[in-house]
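Should a chain be cited, it is by its letter among A, B, C and D, assigned in written order, with residues numbered from 1 in that chain.
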Amino acid sequence: MAKEIKYGMVGGSLEAFIGEVHRKAIGFDTRVELVCGCFSSREEKNRLTAEAYGIAPERTYADYKAMAAAEAARPDGIDFVSVTTPNNTHYDICKAFLEAGIHVVCDKPLCFEVSEAEELVKLAEEKDLVFGVTYTYTGYTMVKVAREMILSGKLGEIVAVNAEYVQDWLLDELSAENRGKQKNDAVWRTDPAKSGISNSVGDIGTHMENMISYLTGLKIKRLLSTVNTYGRALDLNSNIIVEYENGVNGGYWCSQVAAGKLNGLIARVYGTEGAIEWEQHYPDYLKYTPKGGAVQILSRGTGYITEAAGAASRLPGGHPEGMYVAFANIYRNVVSTIIKKKAGLAPDPADLDFPSVREGLEGVKFVHAVISSAKADSSWIDM
Amino acid sequence: MAKEIKYGMVGGSLEAFIGEVHRKAIGFDTRVELVCGCFSSREEKNRLTAEAYGIAPERTYADYKAMAAAEAARPDGIDFVSVTTPNNTHYDICKAFLEAGIHVVCDKPLCFEVSEAEELVKLAEEKDLVFGVTYTYTGYTMVKVAREMILSGKLGEIVAVNAEYVQDWLLDELSAENRGKQKNDAVWRTDPAKSGISNSVGDIGTHMENMISYLTGLKIKRLLSTVNTYGRALDLNSNIIVEYENGVNGGYWCSQVAAGKLNGLIARVYGTEGAIEWEQHYPDYLKYTPKGGAVQILSRGTGYITEAAGAASRLPGGHPEGMYVAFANIYRNVVSTIIKKKAGLAPDPADLDFPSVREGLEGVKFVHAVISSAKADSSWIDM
Amino acid sequence: MAKEIKYGMVGGSLEAFIGEVHRKAIGFDTRVELVCGCFSSREEKNRLTAEAYGIAPERTYADYKAMAAAEAARPDGIDFVSVTTPNNTHYDICKAFLEAGIHVVCDKPLCFEVSEAEELVKLAEEKDLVFGVTYTYTGYTMVKVAREMILSGKLGEIVAVNAEYVQDWLLDELSAENRGKQKNDAVWRTDPAKSGISNSVGDIGTHMENMISYLTGLKIKRLLSTVNTYGRALDLNSNIIVEYENGVNGGYWCSQVAAGKLNGLIARVYGTEGAIEWEQHYPDYLKYTPKGGAVQILSRGTGYITEAAGAASRLPGGHPEGMYVAFANIYRNVVSTIIKKKAGLAPDPADLDFPSVREGLEGVKFVHAVISSAKADSSWIDM
Amino acid sequence: MAKEIKYGMVGGSLEAFIGEVHRKAIGFDTRVELVCGCFSSREEKNRLTAEAYGIAPERTYADYKAMAAAEAARPDGIDFVSVTTPNNTHYDICKAFLEAGIHVVCDKPLCFEVSEAEELVKLAEEKDLVFGVTYTYTGYTMVKVAREMILSGKLGEIVAVNAEYVQDWLLDELSAENRGKQKNDAVWRTDPAKSGISNSVGDIGTHMENMISYLTGLKIKRLLSTVNTYGRALDLNSNIIVEYENGVNGGYWCSQVAAGKLNGLIARVYGTEGAIEWEQHYPDYLKYTPKGGAVQILSRGTGYITEAAGAASRLPGGHPEGMYVAFANIYRNVVSTIIKKKAGLAPDPADLDFPSVREGLEGVKFVHAVISSAKADSSWIDM
């Protein structure tokens, strides 16, 4: 029995870590089914993945352009494509599907160049297509609770921001024996051909930028930075000071050489009436301190968080939901928006709660500003 | 394209919380598909659930007995059934499917009476059928890491155990205004007709018992307890001291009236050479202290946990997996075991790493022993 | 210039750990000075300690009985004595000073036998002497805050209690090489001649008992226990279930063989309207959860804790005070009470906030009940 | 009986918070006694404080200059002075005592102007006088453990640093009702006449700078900053990026408007072989992660920390020592150094482990660099 929404994948062969996460997350939504794909440029991998997911051979494409064309032509063609290929291919693939009139969800970073990102924004808007960018972490329920608290004024005026995303998985790049070479699986990360102008800032720094933007609505007016390459071609560590349009400053730090850190995304926002702190390692909890009061540990799945923000919650409090659910929450809203559009209806504001191509563009601009500032001896760069 | 393993559900209509969790968890396994069900005793609910999951009308059963008979008769009948109905129906349903020669996965508690549980064990063993019981929490990777550490002797001889599972969701039962009545959604919890002889001990206490048993392999020789009903028909709080067969003691506490606790399952095991502590709220981490050393916080998805125990891990360390994955890990092993059996092969020991009907029986015995001790002024009760 | 209150010490030579802590804690109080002592039964040690503290040779006593007699006879004799000798000497020494009409502060445990403790209570009361027992941990400010919250009804009726005091410093006793012998510095701990009928329960278990009693005012009606000696003469681990006079139960655990634990005293109290949790390792903080609300982390030195309970606080919040201050708070109240008595005034209720000989007696009874229950196969023992 | 070392105080009347902390901390050292003081410019306060501490009227000075002169002239004059007056008086007072040939311990910040600080350094060195500056936090044992680990190479080469000192006690300055005025007790903090060119950076930012310098030995080559005054005369929040002489960067943040923060000093140092993290709120613990290993929580008072660094420890592990002990550890080393000097001996390197006037000078330079950079639109300022 056919599902309401059909999608295909570009990327996401069986061994591909992130593609599989996307697929499982989409699988949480009973309205959606996977019907086609171009899972790998290697024929064997492509075929095996298709078989595992019961994809018909005629909808197992060797080439994403052929897929875009064929699916656009079918009466039962896909509603959206999920793109989880290497970062340097995002732009071309997304463009092809937009041009074919197909909605797109693309992994972050959207692309490498600001001009490319702007073109994708323009294309999506001209064609009135849905374009999600999977800044996953904003899919967590307690991030939505924090956002609602901040936007509704519970923290008063924001006076200080601090964010970090720190990992240690490229630390081995700095060991004596590796100083001249590169860890195999990390090669593409610090190779400009594969990663554009930035490694760490592009890979994880954009998550910080997006998270603070999502939580607070603050726009970065300008920023300055230092970047550390430790002899590599691209950045492994970066300190950033931002100035928001309201004149307040934020301190950001991203690193892939901080021993002991796994996916240490932390967002801290301080206002005249209180503060919130959220950490990705414990996503079901949120620290909230009202001015003059005790620190409170808010938990997902409880009666004291608001219904609207808590709506993303699926398990009772105290049963961790995990990152699949964060992804699933983003896809759920994308799918709801597509369903509304198919029916000629306006999406609910709640449906539109997913990172779009505009947030993707902001991320690309942020990366360029950080790298430019570092090259200009840490001068301020306007966003 | 048909999947390798087909399953059906008894229970699990769309609004049923735990059935949906089971279904999503099973959905993580690309080898399995849902093909039939008796999702609700209400026709409308049953039909709507079937439609949402694309189940053919002829395999949407109004009655679990009819389902067992029909599926057993079909050449493409289900390999296993997942039972997520109210606890007081488990025994009858499981028995029907076993008798029909179909493998079973049943939510815990297995059933209410020791004699019933023993009968299910006997039936499953006589017919050589797989019978999983979803003590979910043993599906977490770091629980498996802890178990492997303990069973391989890393803690030396065990000298002390401490466990608790504490919640607060029935606290409202004790409020002045509710002293004479019952919270609606809690009625069946403290109604002997629906919950057998125990509420809290049966519902959450068995998780403690199973967790310590899984982690340590220790057998309870005897136990004593106190139980608090606060004027209700069934227990809301219980303190238990157990004596294992090796003469060591453990202190257990379960409660559903402990303000601020959500699903506070904590297992702590102390040995002559070190200790481990695990908490369900932060399932991706494990505290380990070697004798004379610093406390270590082990994380899932890292290089320093063993390959065997770490095999259950699906996401990189620092990206929380959540409870769906714990469920999925249990089902994955059940499914692998069924596949081996279908092929006439012996299951790998790793495949058999799921809680079986024997663990279900232990749980039922534990509940009876705790309630019996409390009734006998906290005398020791042999297991 | 002479201070308002003069004291002497029995025990507390320079190398004696706990005597030095007492002395430094008393030193926080500018109203008090050390003027005499019988610091050690070894002449050299006694003399060196006296010299370090500027004690005159004629007030450096070789014998505590001589000290009691001489100081009682002097017009400028001591107001109180601080007793920090080995536990098996407390009874005789305290008795001697009480008989000499001198106020006493004694380290816990007060003594070994219930009859001895009762005699000390009787003596102190007949002679109207102040008698403090240093259950140190009740001196922490946040313990006082918790007590005030509980006694003022903020938690409603208490429905569950959980306490533990766990250490690992005797774990080495259980190593294979030590199974037949004893660690030198631990010998007296597990030697009945030096420690009476109990090691762990007497040493640290009494702190749990006293802490819960202080926090809640609940009286233990009866208790049952298991005790583990692992082949030693005295207990190293004990699980205890208590029944308070209101019918509620508490679970207690004390251990000196729990790897990784240092001075892990944790008190958790749950009521119909909320809960508190306090941990000695982080004494400046208190977890408080109102029913239906988020967990709150209350901190010492803030505006939201009450003035009365917060009065013990000396440093701004966020600057840890430490255990010396907990001791100092107990001594400060003892000293204030003595000053009032000297002036013929009634002490303020706030001054009387220190553990007295009556609490010392309760501790001795508790130890006897725990050991008796374990010997009677865990039968209930009335307190 | 006279003690080995005699000291006097300038500042520290009975109500003065920090003077009392210094006095209690010095009181931990049995080699030292307080013999004179100029505790307050108000006669009554001065006299009452002197009486409380048993200071003779002839050594209770109305004027610090008179005190310096008189004590220098006495055969039994003080060995050192402890200066805990308002910050704007430090320079004059320290200078007077140095000129009188008396050793000095001064609260931080040392003074306001770099030229003044340099003069004090010069004076102390020319006269070979001991000059301690109480950057308290370096007195904690676990800070010393961290320093020893880093300096001995356990972290490899340092690749990233992150530090913060955040409080919330001036948050009220930003409330709507206070926007035009100042909180009474905060007036001097944001008044240039009382606080020099900086409030937060001078008050708490210098602690970050000193802590990282102490832990790592890294020298700051240059820095850039933003500073937020929110309409006040002086800074309430500052973000700083530093570049050390080895080319590595550090991100620092200090704030007095971060809701929920008390004395949130956190130091985090990352190297090629591991990382350490330390937080002032839990000073007895240190997080250490070896590259590729689990996070370890090291505790004070245990066998696995080195003897040298652990020597500052006074209580068994798990019994919090608190901030008095951090102060006491600094004073103990100052006193040991003075004793050696009096005896004509060279101080042990271990004795010299206290922050000196040179560290005081670094702090003053740091404050000036931060404020200068902010004024120059965040340009780099060389140190």
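The working rule: a contact is a pair of C-beta atoms (placed from the backbone, for glycine too) under 8 Å apart; a residue touches a chain by one contact, two chains touch by 3 or more.
The structure displayed is predicted, hence computed values, not measured ones.
In summary, the chains found to touch both chain A and chain B are C, D.
Note on connectivity: the fewest steps through touching chains from chain A to chain D is 1.
Here B-C and B-D are compared, and the pair linked by more C-beta contacts is B-C. Farthest from chain B in terms of Cα centroid separation is D.
Taking each chain's centre as the average of its CA atoms, chain C and chain D sit 35 Å apart. As a whole-number value, the distance joining the C-alpha centres of chain B and chain D reads 55 Å.
Inter-chain spacing, taken between the CA centroids of chain B and chain C, is 43 Å. Counting partners per residue, chain D has 261, 295, 299, 302 as the residues that reach two or more other chains. Across the interface of their complex, chain D is touched by residues 1, 3, 17, 21, 24, 27-28, 30, 51-54, 56, 167, 261-264, 280-284, 299, 301-302, 315-325 of chain C. Per the touch definition, chain B reaches chain C in the complex via residues 155, 157, 159-160, 162, 164, 168, 171-172, 174-175, 224, 226, 228, 230, 237, 239, 241, 243, 248-251, 253, 255, 257-261, 270-275, 287, 289-291, 295, 377-378, 380.
Chain contact summary for the complex, chain C toward chain A: residues 288, 292-299, 302-304.
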